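Residue numbering begins at 1 within each chain, and the chains themselves are lettered A, B, C and D in the order written.
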Amino acid sequence: MTEKLKIAVIGGDERQSGLCKLLADDGHKVFAFALERAHLSENIIQETDITRLNQKFDCAVLPIPVYADPTHLNAPLSLHEYNPDDLFAYFPSGQMIIAGKVNNSLFEKAGRNGLRLYDYLEREDFNVLNSVATAEGAIHTAMCELNYTLNGKRCLVIGYGHIGKLLCRYLYGLGVDVTASARKSGDLAWINAYGYNAVETSKIFSDLSSYDIIFNTVPKLILDEKALLSVKQDAFICDLASKPGGVDFNFAKQLGIKTIHALSLPGKYSPSSAADAMRKTIYNILDEWRN
Amino acid sequence: MTEKLKIAVIGGDERQSGLCKLLADDGHKVFAFALERAHLSENIIQETDITRLNQKFDCAVLPIPVYADPTHLNAPLSLHEYNPDDLFAYFPSGQMIIAGKVNNSLFEKAGRNGLRLYDYLEREDFNVLNSVATAEGAIHTAMCELNYTLNGKRCLVIGYGHIGKLLCRYLYGLGVDVTASARKSGDLAWINAYGYNAVETSKIFSDLSSYDIIFNTVPKLILDEKALLSVKQDAFICDLASKPGGVDFNFAKQLGIKTIHALSLPGKYSPSSAADAMRKTIYNILDEWRN
Amino acid sequence: MTEKLKIAVIGGDERQSGLCKLLADDGHKVFAFALERAHLSENIIQETDITRLNQKFDCAVLPIPVYADPTHLNAPLSLHEYNPDDLFAYFPSGQMIIAGKVNNSLFEKAGRNGLRLYDYLEREDFNVLNSVATAEGAIHTAMCELNYTLNGKRCLVIGYGHIGKLLCRYLYGLGVDVTASARKSGDLAWINAYGYNAVETSKIFSDLSSYDIIFNTVPKLILDEKALLSVKQDAFICDLASKPGGVDFNFAKQLGIKTIHALSLPGKYSPSSAADAMRKTIYNILDEWRN
Amino acid sequence: MTEKLKIAVIGGDERQSGLCKLLADDGHKVFAFALERAHLSENIIQETDITRLNQKFDCAVLPIPVYADPTHLNAPLSLHEYNPDDLFAYFPSGQMIIAGKVNNSLFEKAGRNGLRLYDYLEREDFNVLNSVATAEGAIHTAMCELNYTLNGKRCLVIGYGHIGKLLCRYLYGLGVDVTASARKSGDLAWINAYGYNAVETSKIFSDLSSYDIIFNTVPKLILDEKALLSVKQDAFICDLASKPGGVDFNFAKQLGIKTIHALSLPGKYSPSSAADAMRKTIYNILDEWRN
């Protein structure tokens, strides 16, 4: 991205203000809206008048998620409250907009107003970058919780989606004995091809007692009461699946098994990389649109 | 696959006769059709009467590809010639059949006769197993052609599909300096996440002279005259893309650049694994169908 | 170690009391001396009379380091104070003893009394296990300090001894771009053979500005004022070398470069593995002595 | 090595003539002695008068091994025969000389004449470069002999010296299930730290039947009759140990177990890297001597 652009960054938390800095460091002209309480460097233009969104920007960047609740923009660093739907009325026709967790109604509004709206979460590049941060964050979480080294331990990763793939890769790289589970025969073939042990998810239960560490990435109750009874008492379970997760946490507690439900790791573990993932995705979208 | 099955293996080359052995070793009752000239062990039943396909088998296994030409079964080890369409007339209704490179007309025939027909090539598990063999075979090919070690060399893998992914993984594992190219931003993010260097395919040309070894996996003319002029004269190019491949072989020859168009590696490099890939895929299909 | 032994564990901190538990879990008969304030399980015999060391044990285990100061046993969990030299008077002739950081005078005493005394720190097995914990602990330290992912970052490891070797291996496994420095041409060859970038330690200075993260393992002032002036201001330096370390910490602070002097990582990062390393080394010594 | 040097290359086979080319390509002035039948490019000076060795060269390079037999220089590409001892009479005092497999008498001669003589084989850098080529060559050998992929196979590497270390590393990188054996507890700790399975060499026999591929690197009869009886009949054994090797080849043949005694792999598998290893070692020696 050598060309210098004019970019509006609107609302969001520290990641979004970090994004302002990254974009400005790359030489772009950055206008910050609904970020009045963020500490921004001088080369970033703090906009106080929201109607100024009616200028044509090369890109307008809304937060992830764009909504704090059904009617409000996610803008914890702002002094004001906005409804994303209202903001869309200011954008000039053809404006390119990026946001996270866009709902149907907002896409509809964009369509009606002739705006080009993209959702980060529908982008493979963004999802991969996020998964890198989640996988590393999961390893960091385990390192913090455990009083022994990961090297040489037996570890099960349940689910071989984006996060599962990278978690296996990085654990293997630390000299961990990695087993990954998946339901599909194609995923099991990939697991073996990469050199890990493979087990069908429906068959993990017969061997659960052999693992020192279990990471779950599947948003479905996998480690239920029956399964937990097979887990070693001094094992550690790290659940990465979105709420309610895949572990019966109460029963695990009764059994004295240490568990953690680690959510939103990218923002917590590596906020700077999270901002960088937004930056890269914005550039990729702009590149693709031009070619 | 602990249950003992009754399986018909029909036509094909050494891989298919190897499959007979693997299935029989697993304890299944194997009937070989159109394999009269294959050397089969005694526990495999050589069938000479093709109409005996009218029995109900747990699975009927046709070769990859099923057709040798538009009207003939691929059956180089048979004493007779068959048309796959005709064979389908013998199968009882509901027969499960597996074959490779099935065309529309054969699928239609299967549909009309109430047969359950699967194509290996539409199966992710089979494709991954095949890609493992192709990636390893590509490394073997390079090792045979080159008079230096791969370790420490700079290597470009063009295309990050199944084969590209595994080739990168294995080269990296040999201590090669791996760069992978892809067109999509999502693939580029994956490449980085796995620790390789990433470059957009359209931008490989500026840096082509830095590679000692180039593997192409994209079935499109990528290394054309202009590109080849940037390649080091003592570089080695291994094209894995199906015919006509992605390299201007004539021009490369004129320039004195060593090239190889390595096709059908799984069958050539590791016929035993190729037979095993068929076996595993058959079991997976049977398993999925039962569950 | 299937045979059941009689082992005395004498003094030391939580690692030593952890060792008592591990040994008892393996079925050995464990006698704890100078560990009165440790919380030990019931199957461990708390000895209050130090003269009871005059029994013949299969092994007597002293702490690492054995001395708290020139005249006192390292025994923070004891109610009493002892001089290691005095303890040696109780041991019967031929007693096998293991301790850490044994000085010449203690070795001399052992020799004179006919005791077989081993120092953990002179054992390759113990040093490797310790280095695993140090390398993982160093990665954990970086993960805690940094607000971005390690994956994809450029990292320099100064020194290719035990810790350097494993740190490179694990960073590489996380998809980090790893450069290792060493002085000897043989080490540089090893570094390349394992797939990392190699640079002679005396030549790191020309390229210091390209690293995001620098780990030092060499106990010599390497990153002095001049060198630090080439380091990126937002780089992170993690010094693993024993005091005074290899970094001019004050000058780094003036430059605003984030540094950490991470010492005694095994005990802090993974005390349970530290106890396990002691256990494994004891078994190895006993095994070797019998064969 | 930016400085341009004057180098004499004396005797040897294709590797030594390859070395002439590499040195000349680097810009050095190369004089070839006892290489009359080698096809050398024009920028290399073919010397026919051996007494011209009396000039002062920056380095005089003799072959590996230096002796063809107890009285003759290893010089298959020469038209004449020489005794290395005689050659030493020509060198001026202080001449730096590099050769392979130097015996005591030659070292003595060098000492008496004031020559600085180095043996490649006593250099760690050269040994590592050689081991890279041996380890890759061993994998190449297995790939050539086997009709299945290495990925996913169970493999035992006997001995964890230079070659064992790199063979484990590269096999692991190909997704092989790697077990390494060693005698010393320190090596076993290293094996685990790198993520491979470890087994004491004296205990490999109980589990030999579980391996698909066995590489031996220990120059001692390990796989004797008794051991071979435990090896799978369709396993492959690749012996890398110098003659007579570590396998009872006759008995293996009787059992129908496929074996290969793969010797001198660097020269056979990657002659160009073998020449490059000589070049790098020469530069390293020159560098060290100046500093």
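The working rule: a residue touches a chain if its C-beta (ideal position, glycine included) is under 8 Å from a C-beta of that chain, and two chains touch if they have at least 3 such contacts.
Note that the structure is predicted; figures quoted are calculated from it, not measured.
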Going from chain B to chain D via touching chains takes a minimum number of steps equal to 1
Output for shared partners of chain A and chain D reads B, C
One copy, chain A, sits on the other, chain C, after a C-alpha rotation whose size in degrees, in steps of 5, is 180
In terms of CA centroids, furthest away from chain B sits chain C
Interface of copies chain A and chain B: same or different residues on the two sides (over or under half shared)? same
When B-C and C-D are ranked by contacting C-beta pairs, first place goes to C-D
For the pair chain C and chain D, the C-alpha centroid-to-centroid distance in angstrom is 36
Cα centre of chain B to Cα centre of chain C, whole Å, reads 50
Where chain B touches two or more other chains simultaneously, the residues are 132, 151-152, 169, 172, 174-175, 193-194
Among line, ring, star, complete and other, the chain contact graph is complete
Interface with chain D, chain A side, in the complex: residues 151-152, 172, 174-177, 192-195
Seen from chain D, its contact residues with chain B in the complex are 132-133, 136, 139-140, 143-144, 146-152, 169-170, 172-175, 269-273, 276
In their shared complex, chain B is touched by residues of chain A numbered 123-125, 127-129, 131-132, 166, 169, 184-190, 193-194, 280-281, 284, 287-288
